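What follows is a set of structures for review.
Each of the next two complexes has subunit A plus one other chain: subunit B in the first, subunit C in the second.
== the complex of A and B ==
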């Protein structure tokens, strides 16, 4: 009797199989970009601007050239001769590769030195003499928009102010009408501070141009190797087939490693000019001061409310501080990414949103730090606003949410901003979270503690975010649509290789993507190797960010597996000597209808594909699939945090933290939980300590790990995780994105908890991070506390 | 720059090299000896990715010169497993999903190994405190702490068997 395969045992869907990546990392045998050593390789270092805004009067490289071991000193002027002093950005602006006219932020790239080793290259950088003519620095949008503000982008023809975009969406008139009918209007203004994804590994590249073959190979820390290859082809005007991008092991990305940075471009140019491999490995200060920041958004908005708690409409405005160049790494056709996904999980009939971006003398490169393009700001504002509105109405914050959340039978639900939410059990998630935290008991405990002078608080955040860009209608990068791809080859012995266009930075694709194939074909997961990150050896894909790998490349993996199964069915029919219609499938095996014992395994079919194919059938068992998702995926999450605030010091401690995530079908629950815990920690970090600010002269405060605080094992609280499962209606295996949910939805839970603990003070907002001095100031002076960078006053 | 001779025992093997006095120990291990399992994450002794054990104590090799290691013993991640057999700490990290991108992992494990050699029966709090000089951006630490406690238990039971 043929035994059915146990899918969990062979590492299929739902199996928490241990990661295959681990073995090399545990032995110190990973291959990160800095670990590669090529024959004849030279080392590049970057000279950065010490000032935020200044005209460059001269760059004298004479002394640097004289240092033994220095091979090249590349300036902006030299780069300009190759048409590479500037490069296009992903947001259709331009960005300086090496400054020629002005420096526009502290840390901006001015020149590069290539030498025998990094120490000599650093000596070379120190020997370069730059003369600056200082200009006033602008550190926030308000300053940038002042009529007497200096023009930051005087390089751009027709640019007469510091505005880099304006945008609006929604139904303005309908929203105004709804506000006119409101019983109550609730208002909130806040700043989501500038932050940096800050993976432990900094950015870097090894450009290896071979003058004999004219092939350029670049090893680099990129989350999106294919799109980088296309970008290099277009920017550097090199033939695309002669470019190979290899993204080896990546030491964390979180969005930081999506954009094209000047260091990559300079290393490529230097390698082409020298005909030798050139390695550039950024230091931490370079990473924190010049590569993609995140957030830095001022949001003000309102909810129109009925006295019974129904939300009638929302309107809000965002001012984004984009830094010196508009290089937001976001592929939507919307100027401010998916910011208008705010309030999506609530049933609100009308909405209107405006946004304006400004140039400032701060680093460019707004990236989607563990989120899809500005949804972190959207969900943070949403959940802070929801709490403020519940408070204004005198309603319980959980009940206010329950009343307004989209109901299970209302899907698909179209938001006033045009998104189509397709599935979820929002109320159930909220209930699981409330039960887990013991909501009613805590409220009693809070009152009791308050009477004894202790300040406890509870914060809730519920949200559904659009993950998995994209669909090709609304998402593209330099015109290339946001699909993804997978190639699957089953070898004669039934072992397989899967090649995907996505690229892991710790998410465990080598483990989980094999599990999808296992689910579809019954080939045990250990028999499948997953290849990714090398453009010469993987199908075109848009990379890994925006929690998109499972929604797109994961879907492509399921689809290509099904194509393989369809061909294997023909082979099975041939082997079983029956017609294809009489062949039935169960995991890993075809059998003759009505005769379960008469069957062949997928491995038998694989061997037949190379050794015993029927007449007219092409040999081999391999295929590919390009997948263009019909919609984003819509996971839902409910996060609840309880805190105790010490009113004497402003220090707050997390008492408990509960996360309920509905991310659809979980491929590998262990890995999903790892992602949620990581995201929750970033949420805690944002709420508690992690931000980059600037002084009035534009000096970056947070340019190294002594100033840019990240939580350690000591202060990071423990987590309690729960799950609800609502399958995605369009994803082939029902999965939704998840990697970023907790980082997106988490911060508001922490801040709401602290606000709840001081709900008798009249304070509406303290900007993140909720540093002890800010909380103390709010409690002591009963006033809101802003986190905007200070402006110079004379 | 004039080079100096360094005699250092790395993972039990004597190594001799002439290096510039300014060369950091982390670069010496990575570039001169090719032991790239030790990573460099920051330049300010904060992240701990470069942690190695120096005469049995965890130190951050980006903040020590190679010449300072002259006459001392250094143990790196490459030295903690023997052939195919993983050290209990390495096993613990795999069992409890204590790593994601893997970049901080070497340093975390070196710190953990030193902790367990000094304190075979640590509490969760002991582990969290010991690891507080090592940053991880992926995991949220909870599974790292579990990994170390898993390793502690395994090492204790192995020690009990030996007795």
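== the complex of A and C ==
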């Protein structure tokens, strides 16, 4: 009898096989952008503005040019001669590559020096003399909207104020009616602070323009190499076939490596002008002060409530602080991304949302830091608001959620903002989480501790977020639709290479995407290599962010595998000398219907594709698939945190943290758990310590790792993970996105826990991060604590 | 890291180092653990002509006790040596409590106690510990040696009283009289962070009476602050909630905190008070003399 393959053993769906990437990463054998050394390569450093807002009176580069070893000092004026002093942004605004008229944030790029080595290039930067005429700095939307505020974007024709967009969505009238009928209206206002994805590897590029072939090769730290190639072709007006973008190993992205940055553009221009490879590697301060930040949103909203706990409607407004240029890296047709996914997991009939963006003298580039386009802010506000409403009603926060969550038989569920939730078992997830934490016991423990002067608290966060951009109807980047692709080549020996348009930055694509092929074809995962990141060698794709790789490129991988299987079936029929209709499939093998022992393996078919194909059948066994997802995927999560707050110092410690994630079918459970733990760590970071603020002069507080705090293993709490599985009904293998859930849903659980620990103070909100001094102030003065910049200083 | 150009010297003996220091004068800078200096040259906050790396000088990595209890710390004694020191755990609870709270394990492997004192960062932890313990340093030059109390070594933020041509070769803690106890408490935002507030407490007592009290504060002034009035309030008294409260209040009054992104001045002052009273109440005894 032919033995059936054990899918787990060969590394298929559900196998926690070890990450194939880790071997090279752990042994220092990875190849990051900075590891490449090309013959004749020069080094570029960027001179950045020390001030936040100033008119540039002069840029004198004379002394820099005189330093031996300096090859080029590129200024905005020079870039302008090539039409590259400015570049378009992903949000249809413009951004300065090198400042010509004004500097608009501290850290803005002013000039570049290209030299034999980076030391000389830095010396060159120091030798440039810039004369500034200082202007008042604006560091929050309120200042930006003041009637006497200086105009930040005086470069834009017709721009008379500091507003960069206005946006509304939902049913305004229906919502007003529902509010009029409410028994109670609950209100909350908060600031989601500016944060930075801060990958350990900073951004960088090596532009290599070959004047003989006129081909431009760029090694760069990008999460989306294909879209960069198209962007370079359009912006720099170079022919697209003569551009090759190589994104080698990436040391973390988290959204930071989606946009196009001035450094990339300048290195390309310098390479073209000099005819030599030019390497630019950003330093940590450059990364933290100039590249895509995240969040920085002021949200105020309300819930219309019935006394029995039913939510009738929601309305909320967001003011976003977009920095000096509106360069939010988001591909949806909605100005504020998917912010209106807030409250999606609750069955609320009416909703209305407005938003306004403002220019400020802060770094541009609102990126989706481990989330899909403003979802983090949406879910945070949602869960803080839900807790506030339960509190206002005097209802148990778990029961309030249970009452309003979308029910299992309600899917697909249309939200008042138009999203279609695909599937879920929300109440079950909540129950698993409550059970795991021992909810009732903890409530008793809390009361008992309170009577002895100790402050314990419990916080819950339940949410479903839309992951996996696109579909092509609502999502595009510079007009290119949000599909993704996979190409699969099976070699004669049955080994295979899978090429995808997505690009891993630590998510483990090289491991999991092979597992999808294994699931579809029965080729053992170790026999499949995954290639990605090189535009000359992989099919077009929109890159990796927004937890979209499995929903899109993963789906394409399943689909291309099925195409291969269809062709292999023809080959199997030929080998088995039966007609195709009489061939049955089981994992890794075709056999003759009714004669299970008479079969051929997928490897036999692969060999036949090159050595023994039937007449009329094209040789070879390879194909590709482009996948346009019909909908986003909607994972669900229930997170519960317990804390103890020290009222004398405001310091709080996490006692326990329970995470229940339903992300559909798990391809590699170990990698999924790693993603959840990583996301949870970032959630804890945002709740506890990690933010970038500014002083009144626009100086960035958080420009290095002494001030921009990332939690270490020491303070990161342990996480207890649980799972529930509801397959996505529209994804070929039932998977949903997961990489971001914990970072998106986690912060509210921590904050709600601290709020619960001080629930006798009447305090409604403390802005993140919940630094000890803020918590102490809230407890001591029984007042809300705002974290909005400017930071107070003596 | 791309600092400005400098010349690098790696002397193999103290006398060679002192000669080089004399030769290059004010153009020279000493490198010990490099955990404060390297970040500054990396950010190009400082530059100099010559770097004199003292790490190759043998015999400076010691820490030891005399029979009377005087403690000696060589210029290359690292934070991690002190963190794992049996001697400190036995004899010097304030130092034993402070060592693991300095920076993170990687920084502790390189950074030195003496370098930290020379660096005179108002957020440095060792200077408070040394102020509380009446510590001093030995400065050597081609001309000879002199003793500088830590209270006189630190003259301002990032400014020390060393003269041109001098190397701090040793830090010292005088022998205690009576029973030793103490603690170091630090509010940090995460491991590896400098202190938002740090409090060093070092007591000597006979019976229940405090014979000497050292209290010093980190991060709440332009330099580490010795809370003299709070110390005085304890000497000659026994510790009880009244004397502890009073000392804590006086220490809070001695603090000169500033409002910044780590918290308001009021908050920091409150934490000083809380920490002084907690440190006095929960201080650790020396295990043996």
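What we mean here is this: the second predicted complex is superposed on the first by the 790 of 794 C-alpha atoms of A that agree within 3 Å, B and C clash if a C-alpha of one lies under 4 Å from a C-alpha of the other, contacts with A are read in each partner's own complex, and residues count from 1 in each chain.
Methods note: a residue touches a chain if its C-beta (ideal position, glycine included) is under 8 Å from a C-beta of that chain, and two chains touch if they have at least 3 such contacts.
Not measured: the values here are computed from a predicted model.
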When both complexes are superposed, which of subunit B and subunit C contacts more residues belonging to subunit A? B
What is the contact status of A:781 with respect to subunit B (first) and subunit C (second): first, second, both, or neither? neither
Contacts of A:92 with subunit B and subunit C, given as first, second, both or neither: neither
First (subunit B), second (subunit C), both or neither: which does A:34 touch? first
Regarding the shared-chain residue A:25, is it in contact with subunit B (first), subunit C (second), both, or neither? first
Partner chain in contact with A:506 - subunit B first, subunit C second, else both or neither: first
Examine A:706 and indicate which partner it touches, taking first as subunit B and second as subunit C; both and neither are also allowed. both
Using the superposition on chain A described above, determine whether A:677 touches subunit B (first), subunit C (second), both, or neither. first
Looking at the overlay, does A:198 come into contact with subunit B only (first), subunit C only (second), both, or neither? first
Set intersection of subunit A contacts, subunit C complex versus subunit B complex: 119, 285, 704, 706, 712, 714
Touching subunit A in the complex, subunit B uses residues 20, 22-23, 30-31, 34-44, 46-47, 49, 76-78, 81, 86, 90, 93-95, 97, 99-106, 109, 127-129, 131-145
Which of the residues in subunit A end up touching subunit C in this complex? 45, 118-119, 121-123, 126, 285, 648-651, 689, 693, 701, 704, 706-707, 709, 711-712, 714-715, 771-773, 776-777, 791-794
Write out the stretch or stretches of subunit C touching subunit A in their complex. 2-5, 43-44, 104, 187, 189-194, 196, 258-265, 267-268, 270-271, 274
Could you please specify the touching residues of subunit A with respect to subunit B in the complex? 18-19, 21-30, 32, 34-35, 37, 117, 119, 198-202, 249-254, 283-285, 505-508, 670-671, 673-674, 677-682, 704-706, 710, 712-714, 716, 718-719
